[in-house]
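Note that subunit A is present in both complexes that follow, paired respectively with subunit B and with subunit C.
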Partner chain A sequence: MSFIDSIMAGLALVANVESFLALAIGVTVGVIAGAIPGMSATMAVALTLPFTFSLAPITGILLLLGVYKGGIFAGSIPAILIKTPGTPASSATVLDGYPMAEKGQAGKALGMALYASCTADLISNMALIMFAGILASFALNFGPPEFFTLILFSLTIIAGVSGDSLLKGIFSAVLGLLFATVGLDLVYGTNRFNFNDPNLMGGLNFIAVLIGLFAIPEILNMVWNPASADGKTRSLGAKWVTFAEYKRCFRSIIRGSLIGVFLGSIPGIGAAPSAFLSYSEARRKSKNRENFGKGEIEGVAASEAGNNGVAGATLIPLLALGVPGDVITAIIIGAFMIHGLQPGPMMFIMNVDIIYGMFLGLIISSVLLLFVGSISIRAFRYVADIPRGVLFPAVMVLCVYGVYAVNNNIFDVGVMFAMGWLGYIMLRANIPAAPFLIAFILGPLLEDNFRQSMLMSGSSPWILARGPITWFFWTVTLITVVAIVRAGVKGHRDARRQRRAAAETRAG
Partner chain B sequence: MRHLVKGATIAAAVSVTASMAVAEYPERPITMVIPYGPGGATDISARTISEPLTTAVDNPLVMVNRTGAGGATGSVSVQNANPDGYTMLFARVGSHTVNPAMKATLPYTLDDFRFVGVYEINPVACAVHPDSGYDSMEELVAEVNANPGTVSYSSSGVGSLLHLAGAMMLREFGVENPVESAIHIPLKGGGAAATAVLNGTATFICTNSSALASFVTNEQLKPLVVTTAEPVVGFDAPTSADLDMPQLQRLVGWTGIAGPDGLPDDIAATWGEWLAEATSDEEFVSKMEARGSVIRLMDPVESQEFIETQYEVFRELVDDLGMRIEG
Partner chain C sequence: MLKSSHFTIGLASLALSAFLFLFAIPTWVTTPGNVSNVVLSPVFWPYALSGVLALVGAGLLIMGSREIVAAPDDAADAPAHGTEAWMRLGAMAVLMAVYAAAIPRLGMVWASMLAFAAAAFLMRTRHPLPALVSAVAVPLILYAFFAHVASVAVPQGDFVRLP
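Then we have the complex of A and B:
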């Protein structure tokens, strides 16, 4: 079958009311679920799955994909408005999105998040359609040693999100690494730091940690210091993002999308690291570097491009290899199998109509996301105008409910509050929370892949430099670390010179 | 006379209420805990059977995923629940035979649960990469014996079915001490374990045939053996009957339903009837068989025996090989 025939076959499947309806409903459900803190995109997809059992295969799959796309974008709405990432993937959006909302630019931040998301989504879908084969065979070159070096490089992000003090950032990261060790040891299966409590056997719930670290400290801060919030409402975020701003951020959006496509096509990393990597790269390259973390629109654009860039690309290992890249695609594979479809190379021969139907559906979903997203932003941005005395208790209720719903476990709510106090102490001590979160996500990956490599090689460290991919990541890690150290030394010198100059002026 | 009538009425009323109290289980929705994440084998199996089961129960079933620690988190929550039949568990081979056999510190044992039925059996298959050059288990085992420490197998984690299955298959085919001579590479989840064989991180994998079906169809993996006596559709590999090794048939996956230990007999019996009704639903059977499962319903007594026998076999193997996790 030629390319045109394939597209026509796909079109025959998709060009009907049900498919469009499924996509539109999916995106809407995803946006609503993603905007509720604790209700992650993963949960929304899992809850939608049973509804697809009775639908035609393509309709069911498009419904799930719609939920996935909508959810990943909408996670940015609460991240910007109430400093609570709706899904783990939008944690990086908090860094600049929330300060923008504080400045009364919530509408602008949300608009940029939407445009960056849709652009990245489109690029990611295009990459899936055009380069699925190449990217999938590249991804298969990633064994534990390659993974280890990639994660090691990703840990350098910490420097980019540490704020003023690298030392405090590293402290925060070490704390995150420590908390990530709770649970079962991967290789020996023994308990670590669980204090004989079965609830800790599975480790600390990621969403509980995430919400505890970001949302709860804000609430505690207000309880501690209610006067600061009295009568203070943030002005209506009426300003919309301009084309000039989009153009200025375009480079970061493209870069973020490509990072997302690259990380998304490798099974097992997920959207959150991609968003952080995109954010820290944008900061490193930007002229407005100083403004990052204080409400820089480019930061919002970069992190949203980073996480949505993953959304289409995670389907690459799924379709080309039959391998789920993350939890969401694992659920989508379940949906394929229920309909008797077996993802993998053969599907491109046996079910070419469904494959191309999906491709077309994905492109339509990017457009639908733009519409549904604009409407939802118009509805949600008024959240910024709710007085804090009303908003924060409501956020608190949502957080408790959301964290409970992840695993239906009250223990997780306890974890959330414990992490909330830790986050509050960190907030007061000016220790940034983002490095903690990155270390918490990447730490276990780093450890697992290191130990798997050691098992493979019989404990010879040379396996960690076994091929060009590992050499590449070792090199860029080295360059980045040198750059960070040099910048640190230079900053230190400048500060000393300034102090000396100030002292001399005073003496003179 | 009047008193007599009154007394009789009361007695009748009491006996009616009493019998109604029994007949009325369930009078409210039943929470069904799935101890694994959405999209996994247990989750899909549980959600598929929940449809015909809801018709049989005539009361809503609330499906709850409680994930973590290889099924332990969800299992513990049912272990500690009231044995009133309103909190039940989808038990799985990993959480209820492999894990208890391997982990000394597991917070529950088989005795903490009462099984009301096993409804699904999954054949186990072992597979290698097509380019690996191995065409049979014998060739693979010969390599393990000739060059100890070069052959590896992947699993979805310590204490998973895959972990035990790899060791058990090597031993059955003549490797003296598979723990020492083959390398076990644990990964996070079944998908990652299969990927490890695809990209050459591990040499072979032994897992439920349904988890391998798409890779076998796509010729990305080559099956070497199937543990059931009957062949598995799409798997061009010898069965335990072909090899004359009936002992392999004990290595199968299964899904069943369990309640806490003190579950009353009548509730267990009721569940037996519900499962019989649910598993006779044709749509359910065809859906499950399309995914490579074998629908085989065991009544509460048979389930208990089946699970205990499998546990004993695994326990013996674990003790022989020194695979028990103490810490």
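Then we have the complex of A and C:
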């Protein structure tokens, strides 16, 4: 069957009201769920799965994909408005989105998040269609040593989210790596910092850590100084994002989309590291790099492009190899199986109409996201106008419900509060929380792949440099580290010079 | 003139590293007897991270000892640093602990209503009526969603059960 024939077969499958309706409902449900802190896109997809049982395979799959796409985008709404990422993938959006909201530019930030998301989503879908086979076969060559070097490289992105002090960022990251060691040992199954408590044997709940670090410190800050919110409910600003601003951020959006496509096509990496890497690269390359972290619209564009660029690409290993790229695609694979479909190379031969129907549906979902997203921003942005003395208690209650709902476990609520206090101490000490979070995500992956490599090689470290892929990642890691250290030393010298100049001015 | 925060965090980092090396890892990480190589041992990764923590702590200490920062001109920030602010923060810690402990007994909805109202009071809300209405409405709406749409087994408590 030729490419055109395949497209036509797919079109015949999706050119009907049911498919459009499924996508529209899916995107809407995803946007609503993603915008509620604690209701992650993963949870929304999992909750929607039972509703697909009675639908036709393509309709059910499109419904789930719509939820996935909507959920990933909508995580940016609470990230920007209330500094609480709706999904882990939106953690990087907080860095510039929230400062923009505080400056009265929430509408602008949300608009840019939407446009960047839709652009990245479209690019990711196109990449899925064009490069599925090639990229998937590349990722198939990865073994534990390659993954280890890839994750090590990903950890260098910490430098991009460390704020003013690189050492404080590394300190925060090491804390994140340490917290990630809690639970049963990955190889031997023995206790590690879990005190024989069954609640800790599986490690700390990621959602509890995420919400604790990003939402609770804001609530505590409000308690510490209630006067800080007196008389000012954040204005969304009258201005919407302009075409000139979109054009200025276009390079970062494209770069972030491509990063998302690359990382998304590798199973297990996920949207959050992609968003942070995209943000870090945008910051490194931007003319306005000093504004990053203080409300730079390019930062919002880069992080949203990074996380949405993953959405289509995670389907590459799923469809081409039958390997789920992340948790959400693992749930989606369940939907395939319910309908008697087995994702993998044979599906491209046996069910090519469904494959191309999905591809077309995904492109339609990018357009639908633009419409549904625009409406949802206008609906959800009123959250910003709620008095803070009412909003923050509501956020606290919402966080408790959301964290509890992940595992139906009150222990996770305690973890969230504890992490909140840690986050607050870090906030007061000017220690960035983002490196903690990214290290907490990557920690188990890093350790697991390291130990698997050691098991494979009989503890010979040379396996970590066994081929071109590992050499490539070692080289880019080295280059990144050198660049970071140079930038850090330069920044430190500049800061000292400025302090001296200020001291001399005062003395004079 | 004050030492910078780098110095304090460096000290904390070194202290944490020493605590992990000398007490936490030997006590709270179990190593099986048949581990063939130290690199594969469950303690290897925590020890490696403790080592990195010590290095970072030393770096922060050196950086902090070199830079002396001026005492902040914090007159504007002064009211927030009063005893009252610390008391509010302490009360919030108690509130969070009581909230988490009350969920199994009172139920998620009723505990949340009380916690919402108490938190709004601690934040000195200038909108007491909307806060009170929200304190009742928000937990109920969330309950309706999580219990009836998402099928989450929301704790009901020992006293008043909701449909």
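Here is the rule we use: the second predicted complex is superposed on the first by the 490 of 508 C-alpha atoms of A that agree within 3 Å, B and C clash if a C-alpha of one lies under 4 Å from a C-alpha of the other, contacts with A are read in each partner's own complex, and residues count from 1 in each chain.
By definition in this document, contacts are C-beta pairs under 8 Å (C-beta built on N, C-alpha and C of every residue); 3 or more make two chains touch, one makes a residue touch a chain.
Predicted model, so just to flag it, every value in this text is computed and none were measured.
**Q** Quick check for you: in the superposed arrangement, does A:A429 touch first (subunit B), second (subunit C), both or neither?
**A** second
**Q** Once chain A of both complexes is superposed, is A:Q452 in touch with subunit B (first), subunit C (second), both, or neither?
**A** first
**Q** So, does A:P144 touch the first partner subunit B, the second partner subunit C, both, or neither?
**A** first
**Q** Looking at A:M130 after the superposition, I want to know if it touches subunit B, subunit C, both of them or none. Which is it: first, second, both, neither?
**A** After superposition on chain A, A:M130 lies in contact with neither partner.
**Q** Quick one: is A:N408 in contact with subunit B, with subunit C, with both, or with neither? Answer first, second, both or neither.
**A** both
**Q** Contact-wise, after the overlay, does A:T190 reach subunit B, subunit C, both or neither (first, second, both, neither)?
**A** Both partners, subunit B and subunit C.
**Q** Have a look at where A:V223 lands relative to subunit B and subunit C in the superposition and call it first, second, both or neither.
**A** Second partner only, subunit C.
**Q** After superposition on the shared chain, which partner residues are touched by A:A15: those of subunit B (first), subunit C (second), both, or neither?
**A** neither
**Q** Which holds for A:V482: it touches subunit B only (first), subunit C only (second), both, or neither?
**A** Once the two structures are laid over each other on A, A:V482 reaches no partner at all.
**Q** Name the residues of subunit A shared by its contacts with subunit B and its contacts with subunit C.
**A** Comparing the two interfaces on subunit A, one with subunit B and one with subunit C, the shared residues are 185, 187-188, 190-191, 408, 455.
**Q** Of all residues in subunit A, which touch subunit C in the complex?
**A** 43, 47, 165, 167-168, 170-171, 174, 177-178, 181, 185, 187-188, 190-195, 219-220, 222-228, 230, 387-390, 392-394, 396-398, 400-401, 404-405, 408, 410, 413-414, 417, 420-421, 429-431, 447, 450-451, 454-455, 459, 492, 496, 499, 503
**Q** What does subunit C use to touch subunit A in their complex?
**A** Touch list, subunit C to subunit A: 5-6, 8-9, 13, 20, 24, 28-32, 35-37, 39-40, 42, 45-46, 49, 52-53, 56-57, 59-60, 63, 67, 69-70, 79-80, 85, 88-89, 92-93, 96-97, 99-100, 103-104, 108, 112, 115-117, 119-120, 122-127, 130-131, 134-135, 138-139, 142-143, 146, 149-155.
**Q** Mind pulling up the subunit B residues that touch subunit A in the complex?
**A** For subunit B paired with subunit A, touching residues are 37-40, 43-44, 47-48, 51, 64-70, 72-73, 76-77, 102-103, 105, 107, 149, 152, 157-159, 183-189, 191-192, 194-196, 198-201, 213-215, 217-220, 287, 290-291, 325-327.
**Q** Can you list the residues on subunit A that touch subunit B in the complex?
**A** Touch residues, subunit A against subunit B: 42, 45-46, 49-50, 53, 140-144, 183-191, 198-199, 201-203, 267-268, 317, 321-324, 327, 330-334, 337-338, 340, 342-347, 407-409, 448, 452, 455-456, 458.
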